[in-house]
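Same chain, two partners: chain A is paired with chain B first, then with chain C.
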Partner chain A sequence: MNRKVLFGGLLVSLPLVILLLLSLGRDPHQVGSPLVGRPAPHFTLPVVGGGESVTLESMRGRTVVLNFWATWCVPCLEEHPVLAAGPRRFGGDVVFLGVVYQDETADVRRFLREQGSSYPSLLDDSGKVAIAYGVYGVPETFFVSPGGTIVDKQVGPLTPDLLAFYIDRARSAAAAPSKSTS
Partner chain B sequence: MIGFIGRGLVLLSLLAASAGSLVAFSAAVRRSATGLAWARRFAYAFAGTMLAANLLMVYALLARDFSVGYVAQVGSREVPDWVAVTSLWSSLEGSILFWGMVLGLYVLAATWTNRDRHPETMPWALGVWLACAAFFSFLIAGPAQPFLTLANPPSAGPGPNPLLQNHLLMIIHPPFLYLGYVGMTIPFGFAAAALASGQLGAEFIRVLRTWLLLPWVFLTVAIVLGGWWAYEVLGWGGYWAWDPVENASFLPWLTATAALHSALLVERKGILKGWTVTLVLATFLLTLLGTFMTRSGVFNSVHSFTQSAIGPTILVFLSMCTIYSVALLAMRIETLSPEGRIEPGVSRDMAFLLNNLFFVLFTFTVLIGTLFPLVVEALRGVQMSVGRPYFDRMSVPIGVALLFLLGVGPALPWGRATPAQVRRALLPPLAGGVAFLALGLAAGVRAPWALVALLFGGYAAQVTLAELWLPVGQRMKSRNESVLRALAQVQSRGRRRVAAFIVHAGMVLVMIAIAISSTQGVTAEVQLARGQSVALGPYTLTFLGVDQVSEPHRDALVANVGVRRGERELGTLKPRMNYYATQREPIGTPAVRTTFPHDLYLSALNLDPDGRTLGLHAMINPMIVWIWIATGIMALGGLFALLPVRRIGLAAATQEPAAAVAADAGPGPTPARIG
Partner chain C sequence: MNSALARPALRSLLLALSAALAAPLTAQAPGDAPIDLAQVANLVGAPRGRELAGDALEAEAQRVSSVLRCPVCQGLSVADSPSTMATHMRQQVRELVAAGFSEDQVLSYFEASYGEFVRLQPPLRGINWLVWLAPVAGLALGLGIVVWVLRGATATGRTPGAAPAATASPAAPVSERDPLPEDPALAQAVLRVRAVAYGWPGGRRPEAR
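Showing the complex of A and B:
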């Protein structure tokens, strides 16, 4: 047994294997959002179908689920029923808002008419709100605490369990903005 | 029905491979000829069942049989038939099925061509090959089963990833890559067999070398095809981005190239046996690492398949193979005793050693750069990426050093030489180096590394051409042969040497082309209104308007850009934006006008459907086409080395003209260069 070879070989290969083992489950597409833990950017946006514009400030004191979506986005269509059931499921202290991302108003109206909606969807025509929130794809959902801090960001479609999980965290988050590590 | 048969075939292949591996190892230990014969039969059975399974899947794809799971995943009625066939390897499950077939064919070929030879080592090799085959069969039968039967088959399919339908190059890049990657299993088996049996003599190293060279040729082509595809399709105008998966294909190439060189020293001097075997084992392990990187979802890349259960499974296999390799090396490396020694001092031997050193250094730097993000995230939980600057900064000096050795190495005589001999060998090619350098300076090259590459490249070019001519010239002089006859004789008697220098010539050309194309390009990025023009180098580019094109699987907006050079109208280039039903963002296709000196490269950054404005990214990329041509030269050289020589008797095939032999080969004092 050549101990030098054994030792050298293990020295090179074991760390490599351990490293790869540790990195399983890493999703490189999950880019951490720098906004988590920070105050949610303000906005005032018109509602699809007309009516009064919606301002984020007016939601202060309630948990906000802010969902960026589009009609051309297949995972958004998948999560739509989950979100649509939200207002009834979670009660009045949770506000659901949709923000339409790079879409045609006519398509949005048709979709909402056909699929139904239980909360307002807002039109972000200039895309400025999406940029302010650092949205780089849809669907992305931000969970804002009653104090106005972004507590979590979900990239990808929501499931009922995930939705409940995030809403719980947002509800119980401290009022003052604090740096979180997620 | 198809699903059922397919699953059956895969199970049969798993059975054949597992049984075959056990029989082979037992035959090795007990030195049983009958056992070996049975192991061979199992190997053929594995190949046959894998081939049948793949043909069945191709049939299902062509028939658009959406009851088969994989077809439902990537099949489509809208795509043309050639896309249907190539979607065999477009997604994870199909690509592993394809892997199985390529492995089967390789094992078949390696087993059959060696059926009457090397009875002490073949059982070990077969055992290893069939064990790997069993793993991949297991993957196909389990975590990556493409033949699932869907209870409710969909009526239509999404088609494969649109990026894979964009270009014809996509048909050939994956097969070539698999032929390279998977092929490395064969030399792995031979290397393990050498260790297990304690034999790495002249005969066996030849076999190892042959079966290392064949996949090497495919891998070389595959890597460059990938770069070519990225260049023609992705639109950023480059051909290499140090993407983790690009690196995954490059790492085994580096160690395989090093092994090809050190194998020469094994054959000629009986030294570096353990080192060569280690390199070959490492090559295979790096292919496993590469496939893990591509399929585990751990790395972000244009290649990444989605995360699945495959990742952990491959990691387990990689760990097992690594432990096996290290243990085998530790226990058996002493049985490979050297038969000679390296002559210290300035010599061709030393150049070979340095060559290997630099290749291994290169491998480590690329490996570290690729894995570093994982380390950082594991230790600190912070995401980071290692980008081009690191890789470029490390690879340029190493590449230039290798180019230097490419010239100096073959120029130096074998073994110990006097300073006068060294001087006589090393000085003349400086003419070539200076000539290339002067040409570059005249052409306007000012980047320091590019100039160094030209100097070393010109030097290496002269050495390579001189080495190619040397035996021909000597035959003409000593035997009064005509040029043609001398050439014919040399290529048949000294084939491997000729082939090696052809490959070297290609390599010099590649490296010069890379140096020039990386430093001498010009770029312009402009917003053009319809009718507006921009000047780039000698060209005037005018945005003429937009066409809308409808194809069965995609819609496209095509920008028409008029190209003029001085007074001559050169026609219209048409960069386009393709819109696929299943993709959110459009995928652009650049328009490339290729000439020998340079490529004119246009891509559309943004294009409004009314054709009022075009965001144009225009580049002039010099010497790009020479990269593809030079790779072809390398591949042909490699294949030429593998062609059997039509001569009677094995000894005759390796005979070289006496003068070239004296100048080239063998240990011993002062082998003077003649002339």
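Showing the complex of A and C:
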């Protein structure tokens, strides 16, 4: 009888143990993006503060840092200086774009006036672009290679080191388009 | 015409109307460019169904939204979630369905950006079979165990696989029908229990029947 109980217990628990062991190294908060390694979805969005709309297509040949953010998001405030220093730090072949999601234009203007801005912030009122990029929350940052492929996706605030790391990867992805892992 | 309506009735009617119209109205709000259908078609192919409008559109949009998972609330469908993200996704579903995209195409479109996770029903492929088959397998296993235990109970004291107890017991010798433990003290206890429980004199089955 004891042997039967042991056998039954093993039968039930072994698959569970195997499943847990297989998932041991994974971060449960990091839901991988199916977009990494694929062409970045196109978009044309109006710029906060007016002016001509910005099209992703027109950025071809340059590395694009696409940052989804909102004024009500504290980590976005934390990473803002890192991104704001970006254009000067990385030069003209890297384009920084902010996409504001689920926010009020007036709040965004005030935020940018107070915190400073060095690159265009785009308005995505209908959430179209955020959904096309599979955005769950803010901040999320996509790194698009000069060839227009999404090379990496960062969930959570960027540090100067992380930013440099991802930009390096996106730049060097120019030669070999597509095929990348996260 | 309006003056004929009592004011409270009018107000409640207006409230109900505005609630019913909220989603379609926001979908047409100024500045909200419609979804880029060409880009969607690029991902999932040309629309497979026909263009919809009116009630058919609402019903189909509702149906597709109810199998699409809201990414920010995870446990809820886009149709059930009150979040802004879900509202936006409902609008998109509506636009896509109106343009004639099939349920599978709409789901595939969202899957391209969010992964298979957005499908509330995991599609039948790869490891997902496990999700569909495991409950059936579990049920079969449970039934098997129940049958096994029940058979063990009817064939008391016999090894599994022996002839069923029902046909064997009347003809079997007395000692085999009501087996006793080998330990004499334990056997005495069992006899006492049988005497109390069944009213058998001395704990032994009365032969006459």
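The rule we apply is simple: the second predicted complex is superposed on the first by the 152 of 182 C-alpha atoms of A that agree within 3 Å, B and C clash if a C-alpha of one lies under 4 Å from a C-alpha of the other, contacts with A are read in each partner's own complex, and residues count from 1 in each chain.
FYI, a residue touches a chain if its C-beta (ideal position, glycine included) is under 8 Å from a C-beta of that chain, and two chains touch if they have at least 3 such contacts.
None of these values were measured; they are calculated from a predicted model.
Visitor: So in the superposed three-chain picture, is A:Leu35 touching just chain B, just chain C, both, or none of them (first/second/both/neither)?
Guide: In the superposed model, A:Leu35 contacts chain C only, not chain B.
Visitor: Go through the superposed model and pick first if A:Leu22 touches only chain B, second if only chain C, both, or neither.
Guide: Only chain B is touched by A:Leu22; chain C is not.
Visitor: Have a look at where A:Ala106 lands relative to chain B and chain C in the superposition and call it first, second, both or neither.
Guide: neither
Visitor: Does chain B (first) or chain C (second) touch A:Gly127, or do both, or does neither?
Guide: Only chain C; A:Gly127 stays clear of chain B.
Visitor: Does the superposition put A:Tyr136 against chain B (first), chain C (second), both, or neither?
Guide: It touches chain C, and chain B stays clear.
Visitor: Indicate the residue numbers of chain A shared between its chain B interface and its chain C interface, in ascending order.
Guide: Residues common to the chain A contacts of chain C and of chain B are 31-32, 137, listed in rising order.
Visitor: Can you name the residues of chain B that touch chain A in the complex?
Guide: The contact residues of chain B facing chain A are 274, 285, 289, 292, 296-300, 304, 307, 311-312, 315, 318-319, 322-323, 325-327, 329-331, 333-334, 371, 374-375, 377-378, 381, 383, 584.
Visitor: Okay, in this complex, where on chain A does chain C touch?
Guide: 31-35, 38, 41-43, 46, 102, 125-128, 130-134, 136-137
Visitor: Any idea which chain C residues touch chain A in the complex?
Guide: 31-33, 35-36, 39, 71-72, 84-85, 88-89, 91-92, 110-115, 117
Visitor: Per the contact definition, I'd like the list of chain A residues that touch chain B in the complex.
Guide: So the residues of chain A touching chain B come out as 1-3, 5-6, 9-10, 13, 16-17, 19-24, 26-29, 31-32, 72-73, 137-138, 181.
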